[in-house]
Each structure stands twice: as structure tokens, then as C-alpha cells.
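As written, the chains take the letters A, B, C and D, and residue 1 is the first residue of each chain.
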Amino acid sequence: MKLEGNDWIYSKKVKEHFIKPKNFLKNQKEIKDFNGHGSVGNIKCGDLMEMWIKVKNNKIINVKWKTFGCASAIASTSMLSEMLLEKGGMQLEKALKITGKDIMDRLGGLPAIKIHCSVLGDQALRAAIYDYAQKNKRTELSVEKPIEEEHH
Amino acid sequence: MKKIYFDNAATTPVRKEVLKVIMPYFSKNFANASSFHSMGLEAKKAVTQSREKIAKILNCSPEEIIFTGSGTESINLAIKGIAFKKLLEGKKGTVITQKTEHHAVLETLEWLKKFGFNIIELNVNKEGIVSLKELENTIISEQNKRNEVILVSIMYANNEIGTIQPIKELAQLCHKYKTILHTDACQATEYLNLDTKELEIDLMTLNGSKVYAFKGSGLLYKKKGIGLEPLLHGGGHEFKLRAGTENVPSIVGLAKAIELAEKEKKSENKRLTQLRDYFIKKMQKEIPKSYLNGSKTKRLPNNINISFEGVEGESILLRLNEKGIEASTGSACTSQSLDPSHVLIAIGRDHGLAHSSMRFTLGKYSNKKEIDYTVKELKKTIKFLREISPIWRR
Amino acid sequence: MKKIYFDNAATTPVRKEVLKVIMPYFSKNFANASSFHSMGLEAKKAVTQSREKIAKILNCSPEEIIFTGSGTESINLAIKGIAFKKLLEGKKGTVITQKTEHHAVLETLEWLKKFGFNIIELNVNKEGIVSLKELENTIISEQNKRNEVILVSIMYANNEIGTIQPIKELAQLCHKYKTILHTDACQATEYLNLDTKELEIDLMTLNGSKVYAFKGSGLLYKKKGIGLEPLLHGGGHEFKLRAGTENVPSIVGLAKAIELAEKEKKSENKRLTQLRDYFIKKMQKEIPKSYLNGSKTKRLPNNINISFEGVEGESILLRLNEKGIEASTGSACTSQSLDPSHVLIAIGRDHGLAHSSMRFTLGKYSNKKEIDYTVKELKKTIKFLREISPIWRR
Amino acid sequence: MKLEGNDWIYSKKVKEHFIKPKNFLKNQKEIKDFNGHGSVGNIKCGDLMEMWIKVKNNKIINVKWKTFGCASAIASTSMLSEMLLEKGGMQLEKALKITGKDIMDRLGGLPAIKIHCSVLGDQALRAAIYDYAQKNKRTELSVEKPIEEEHH
């Protein structure tokens, strides 16, 4: 793994998002403003993620998240939320195409042993979109049912 | 930013008294202790005197001390030394250990399985302590199956949670059933009784890198009469049990460090126990749902290991690191595997709390001010991370 | 009395450039390279950068370098690593070596015999060089007997007589017959080509204690794709091939020393070859019946090994020592056994001359004045000892 | 092994006798003055010793030696020669009783691995007395024939 900046194991961008994460859910009451919710991860592996999206006109116009996990897990969710909200929000079809690698690239890379964490972000997003699609009968959206995992 | 180093169980700095005594051996009295000229003899003398110093503290004879290159090497020498001896006699047998051992013990034993040895890992209780009764039953059961118990290996004190095992009682039990006990005392050297006669121990691993001596120094105490196959073959060094040019500065430094530790043991134990308990009490008072891992009393005086419900260890570690506090976690995220600390699992922590642990290990240079600052920053950190945690419900 | 140190093949002092770069790693940047905080990452970086530096010189990838604790350990890792891998696959096989190897190789192989491995020691000629033809015949003969030749281990340069083996040709021969070559380059590091691609070598042992770095430092070059069982089990350090807390100062020092050696190789080779030849010529001119052991040309630039008819080595050594000259002998009298150097016997010296040898090994700080003084004192010493010798007839 | 003085592996006494050996044969021509000669040792082990004695009135009144061997071999022969000549020379019967240990004791001890060397001195002496006894028909002296060993 490459070291960068002041000896952080992670890139500058990861550090930035980890230290000051963006768009996380500050108040449980905000939840009612969202119309899609996903939850993925496994406490056994030490990573859990929840995501709330607000979809309007097929666009994600707001997103909030919560993460239990290491720095890269927190940073990658924060990074993803930023990606989604750029330019006034992302089309659902485009959002569904976001991969772990896309997030990782935007973060400036992750150490090999950390890659599994970044994959969670896009999964949480997909779970939230699935939830939205179910509730809103958007069957044309090709999104699979997320695998349920137990929580703590 | 001034750093606060709370990772003394991982390794310690070389203390200045040690550095001072070893400096002449790098470039001035540097000769090979096996050389026959004056400089060589002087090097040999330094090794001999170091061995005698340590022998005094361990209450053993100098010939019972084998200098090695690390704790890991001593452990490998002890365990494989016994096992290969049996193997070459055409025998195999059972080695009994317990679940919270260091990887150096567990991985070595895992490897020996491939040669046909039978390995049994005893459970520990919630505090991390093995049961004498369970050990006894296991030995009896093996002997009933006509499996020779060739070795029992149980650590003196645990590196993650600081739990202290009843080594003397374990040794006596082993002897009752005519088997021998190796103990990994890497974490114990600085704080616990090392009198081999009093402990009635057969094999004991010490390690320089945790006692303000050098990385790359260690020793194995081997009671007279116990036969070992060497791990490193070559010249006839270390009573033919560990070949290789004697690492004179390392050996001299190790002796000095052990000597100083012995001298300061009582006062440091007292000072650190107070600091430790202050740290734990303050932390638990300031931060709700924080749980001490390990034993409250049968615990190394420098070890604090706490799980903070709802937050993951690496993220705590890295945020504290930003505040100049250097500590450790039992979270999987800093290891190569996805599983959290085998020690926390062994004492019955669920995966959530196992992923949520932080270890702070105090040392010679730790003080109350550092603890106050750390608890303050920790409180903020845990609060923030719980805010973004999906499993923390206020 | 100012000492003249002519025992650089036994060990070298830590050179000041090396000491300077490692000093900060003892008490300041001392953290465990596996710790996850800033100090740990800094230590890790120091290890990584050292590995990269050495990889450049060895013309290999960093992952092909395994840091160990000594030359002996690297040799044990290479040989036992290969052998145990075979053993665990249910196979055994033949290891071929040669008679003048260091004890670390010979004793390791002797031990492997007990596990059923077949060990063949090739002869050497009067200069101490193995015959490619004999190696080829031996491999063919083993293969005809359906004995897999699992490893050939032949040193790069000999520690007693300085003889240099044709490593590249040996490697090519091994590859022709689908076997692999380990070379013990402990004495070669300072003076010979270490380009692993050019040498086409598979496994190569280097040693810090002979190159002005630390005792307790060494490495094993392992070509990608070659499988080894670890010697030290434990944490996942060194690509899971060598467990134990990274010895950061040792590693940093080793890299610096190898780097400096590489830079100075050409000029030091030239300077020392001249000094060596001056030494030999002068000694043979001044002292009758003195015989050079080893090759005149295929010889390390710092090695002088001479037998003085009629006098015993230890007595020469100790009388020179009284004059401040520190050297070495192949005489049995400085070893644990009664037999003189196996190397001198292997090159065909009779027991008399084998007991009569002295080794002078020059180093970075050796000069002509020291040589002049040494030859002068040596002449007096030999003259006197011959006077009291029953086997010296004028 | 214990170190003593300025880091010598040997005792002060060994060093003294090794650096300045006493009573060694300086000139081959002196041999004719002696009436007993012994030679022991083995070049394979790296130790060879010759001893010449002059016996008069059943007393050793002069002794010379030559030694190829390590410091302790040289020192022990030198020490032995001194022991023999003390108080005007030693009675043959008494000389025959000298053991390696006696020599070693007088030297202030030897390192364990060196003990075999000191044993040579008394053997060389016995060989010389045997030679003298043979030549002078002193059959009453209980001294065995030394084992012949080859030289270089």
C-alpha cells in the first residue's frame, strides 16, 4: 500500500471525507423526508451501512447515510453521497451504474485490504433504490432485491 | 503536535540507559564473540556477563538462557524444538494451548498439525483465564487415549487484554502429569515475577522489544535437562541451540533492560496500576456503554482495553491519531483478515463489541495529563462516530 | 595500543553513515511497523523504502526480499523452507551442496538427513571451486535414480579462503535440469555483483553483520514463484514468510549499508585487491614456506589465507594479538572440535598445513601501513614459533 | 571459560609461559647432552611434542622440549620443564607421577576444550623416561612403552 501526505495509510481524499464526513443523517427525524431506504453489511465483518434517498422526477435530490465501519467505509459512503448530489442530483439509471470502483477512483484509491469496504456504498444505494422502486411501483428499474443481513 | 504513545504493548522505545550501554558495541567493541583475539574475547565477555545478569533475575543458571532474535523466534524454538525432537524419535503427541495465545504460538501449532501433531486449544472464561480443571481433564483424557502430552503452552499475560494466567499453578499441574509448560512471557517481563524456580516453569519466552530494549532481541529460558532440536542450525553458538553470530549489542541491551525493569518493577507496578484504574474509571464515567475487556484485577498494570458500543475500532483509532494519540484496536480493519480479534471472541464478546475495541497500553513515560487529554478526545470521538453509526440508538 | 583489525570476514563494525541513519529509529521513530497509527505507518514506510532500495540493487521486485535476523536464519529459511514444503507434500529428495560451505548450510543439511533427505556434498578443486561437470553428473545420476533434486546450495564466496564460485553458470546448469540454486552470499555482498537477474539466481542469502550494518540483520532473496514454508510462524509479516515485529533500525541500516557498498564496490575492489596482493607477495617474500590457501585470482579482494609450515595457527594468532593484530585461524584450537578447518581439508591441505593457517581479512579501514607492520610482526612470530617447533627443520 | 587479566582466554601463568617459554631446545646440537628422548602427539589433532631429559643419579637435571601446538600446549610443556628442574631436579619416580592435572593446576587452570593439550606434556616426559630406562636397562622403573604416532 502506498503512503501519502502525512503518513496516512489512506489518500488525502479519504482522510478528508473520513474526518469531515458529508451528508450523514444528523437527526433521526429527518428520515420522513426520504422515500427510499437501504441497509447493508454484516456486523461479523465490521461494516454496516444505511442509506436514505429522496427521489423526485427520477432524480436523487437528497441523500443521507449512517455507517459503522472503518475509515474507508465512512469515507466511501460520504464520497458516494457527494457524487449523487453533484449537478443537482443524479438520475436513478445513472446511479444504479455506480460501482465500488467508481467510488474508489474518486477517493484516489484504497489499500488492497480495504477494497471490500468501498463496495458497500454502492450496495446500500442499490438497496435504497430498490426500496424506492418497490414503494413506487417503478418495476422498469432493473434493480435486484438486496440480500438481507442481520444486524447486531 | 506532541504525540501521546499508548501502544507500549506493540513495542517500546529503546530507553536511554539501554542505548547508552549498547552504543560502544556498534562501532568500537564490535568484534565477533566467537573470534579468538582480544576484541573477540571482550565481546564474548559482554555476552557472558549479560547472560549471568539475566540468570540472576530469572534465578536460574546461565546455561539455561538461550539468546534469540525475538519473542517469535523463542516461541518457535520452544514449540518446534520439542515437537521435532519427538518427531525424530518417531513419536508425535498432543500439544495443549489456549484460545487467546499470540499468533506466534497459534500459527506455529497450526503448522505442526500438518506433521500429525494433535493440537488442543483450551477455552478461557470471560476474563480470559484458563481453567485448571479443564487443563487437568484434557491431559487426563489425552493420556487415557494414550496420546502423550508433549507440551503445554500458555501465555503469562495476554498482549491484547492484559489478562494474567496462573502460571505457577499451571506448571504444577503439568508436572503432576509429567508434562512440561512453556509460557510466552513477552508482555509479562516488565511487570511480573520472573523467578523460574518460584514459577516452577520449564520454558519461558522473553522479548526485548516490549521492555525498552531492542527489536530483534529475545531469549528462551530452558530448564536444564529439557531437550530441544535447534531452529537455526550452523555454528555451535548458544549451547548449540541457536546458531549465528552473537548479536552483542542486542544481548547487552536486553540484559540492561531486564535489570532495570526488575529494579523498577514494584514502583512501576504501583504507579501504572493507579494510572490504569484512573483511566478506566474516568473513561467509563465519561463515555456510556463502554465495556472493559478482560479481568479487572488479574490484569497487567499497563493495559486498558475497552469496547465502545456502536462504533468501529479503526475509525476511533484514526480519529484519535489525528489528535496525536497513538493506540491500537482489536478491530479486523487493521489486520489482514475480516475477523476481529480472536482474543475478544474467545472471551465471549459478540462481533459488534469485538469490532469496537480500543487498546491503550501505558508505559514508563505515560502520565495522568496524557490520560486526561485522551479521555477528553475519546469522548468527542465516540460521540461523533455514534452520531453517524446505524447501530447506535440513543 | 592501537588495534589492527584484520578479521572483517568474521564481522565488521557498524559504519558511521549507517549508525547515523538508524539512530532515530531506536527511541524516536520506534513504533511497531504493523501499528496503524502515524508512528506505525512511518515505521512501515521506512521498511518499505528500505526494501525498495535493496530491490533496486538486487534488480528484483520488493516482494522478493524477505528480511530476516541473520545470515544463518536466511540460510535456514531457504533450505528448510524448500525441504519442509516437499516433506508436507509427502515427498523428500536430494539436496546437493559442496564441501566448503559455511556450517549454517552444512549443519542444516546434516539435520535434514534425519528426516530422510539425501544430501550430497560435491568436492572442490585445490582452489576451492566446484566442478560444473561434477554437478551436472550428480544431478543426472540422481534424476536417473528418480531422486528429485529439490535444491542446490552453493556459496557465492567462501568465508575462510575467499574463493568465488561461478554462480551464474551454476544457476544455468540447475535450471537446465529444472532444479533451483540457493547461494550464500554473506561474504559476497560487499564485493560481488548482486544483480539477481544477471546471476539468474533463485534464492540468495545476504547478511548485515559483514557489510558494516547490524549484527542481527539479513535477508533472503526469493524469486517469485518459489514456494517456501516459513521458519518463524506468527504474524503475517514479510509476506507471511517471516513472522515477528519488524526490526526497523536493522532493516534501515541494512539498506543503507548495501547501498553504500554498491556505490563503493568498484573502487573498494580495486583498492583492496592491490592491498591484498601486496600483503600476500610481501608475506611470501619475507616468510619462507608460507602457502596461500585458495585461488589467486578467483578470490575476494579482502581475503588473505596462508599456511605457515611448522607452526600452529592458534599460537600465531595469540602472539600477533599481543602485538595488537586481530586475525583468525583455521586451526582446530579455536573451535570446539579437534579437527582443523573443513575448508582447508576440502582443498586438499594435509593436517599439518591445515593446522597452520592464518586468515587476514581486510576491510574498509585497512591500509598499507597496517600490512607492513603485520608482516613485520608475523615474520618475527613465525621465526620464533618455528624455533620451538619439533616439525620445523631448517 | 573464565577470562582473566586483559581479556586473555588463558590464565596469566599460561600467557607468561606461552609468550616467553622456558627451556625449549634452542639448538639441535644440544641434543647430544641428553640421555632420554620422547616424542608424542598427532598432527591430525594439531599437537606434537618432543622432550629431551638428562638423567644423573636418578634425577632429571636438565630438560629441553619442542612443541607444535596451541598456546596451552606450549605453555604446559614450558611449565612442566620448570617443575622438573625446581630444587635441583626431580627424582625419576616422582617425575613419573606427574599428571596432566598437576601441570594444569600449576598453570592456574585451562579452558575445558584445552585440557587435552596439557596432557601431552606428561606423556612426552614419560616417553623420554622410557627411552632413558631402555637405554640404561632401568627395568625397575615402571614406565610403559609410549604409543608411536606418525609425524608430518
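Everything below uses one rule, namely that contacts are C-beta pairs under 8 Å (C-beta built on N, C-alpha and C of every residue); 3 or more make two chains touch, one makes a residue touch a chain.
Computed from a predicted model, the values in this text were never measured in an experiment.
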### Task
Count the C-beta pairs in contact for every pair of chains, then give the pair with the highest total.
B-C
### Query
Looking at C-alpha means, what's the farthest chain from subunit D?
A
### Message
As a quick test, compute the distance in whole Å between the mean CA positions of subunit A and subunit C.
### Response
56
### Message
So the centre of each chain is just the mean of its C-alpha atoms; given that, what is the distance between subunit A and subunit D in Å?
### Response
92
### Task
For subunit C and subunit D, let me know how many angstrom lie between their CA-based centres, rounded off.
40
### Query
Touching two or more other chains, which residues of subunit A qualify?
none
### Query
Tell me, which residues of subunit C touch at least two other chains?
36, 38, 314, 318, 336
## Note on the structure
Contacts from subunit D onto subunit C in the complex sit at residues 18-19, 21, 24-26, 39, 43-50, 65-71, 73-74, 113-114, 116, 151-152
#### Entry: Residue ranges of subunit C touching subunit B (in the complex, touch as defined)
3, 5, 7, 10-16, 19, 26-28, 30-32, 34-40, 69-73, 75-76, 88, 102-104, 107-108, 110-111, 114-115, 209, 214-217, 229-236, 243-250, 314, 317-318, 321, 326-329, 334, 336
### Message
Quick check on the complex: what are the subunit C residues that touch subunit D?
### Response
310-315, 318-319, 322, 331-333, 336, 338-340, 350-352, 355, 387-392
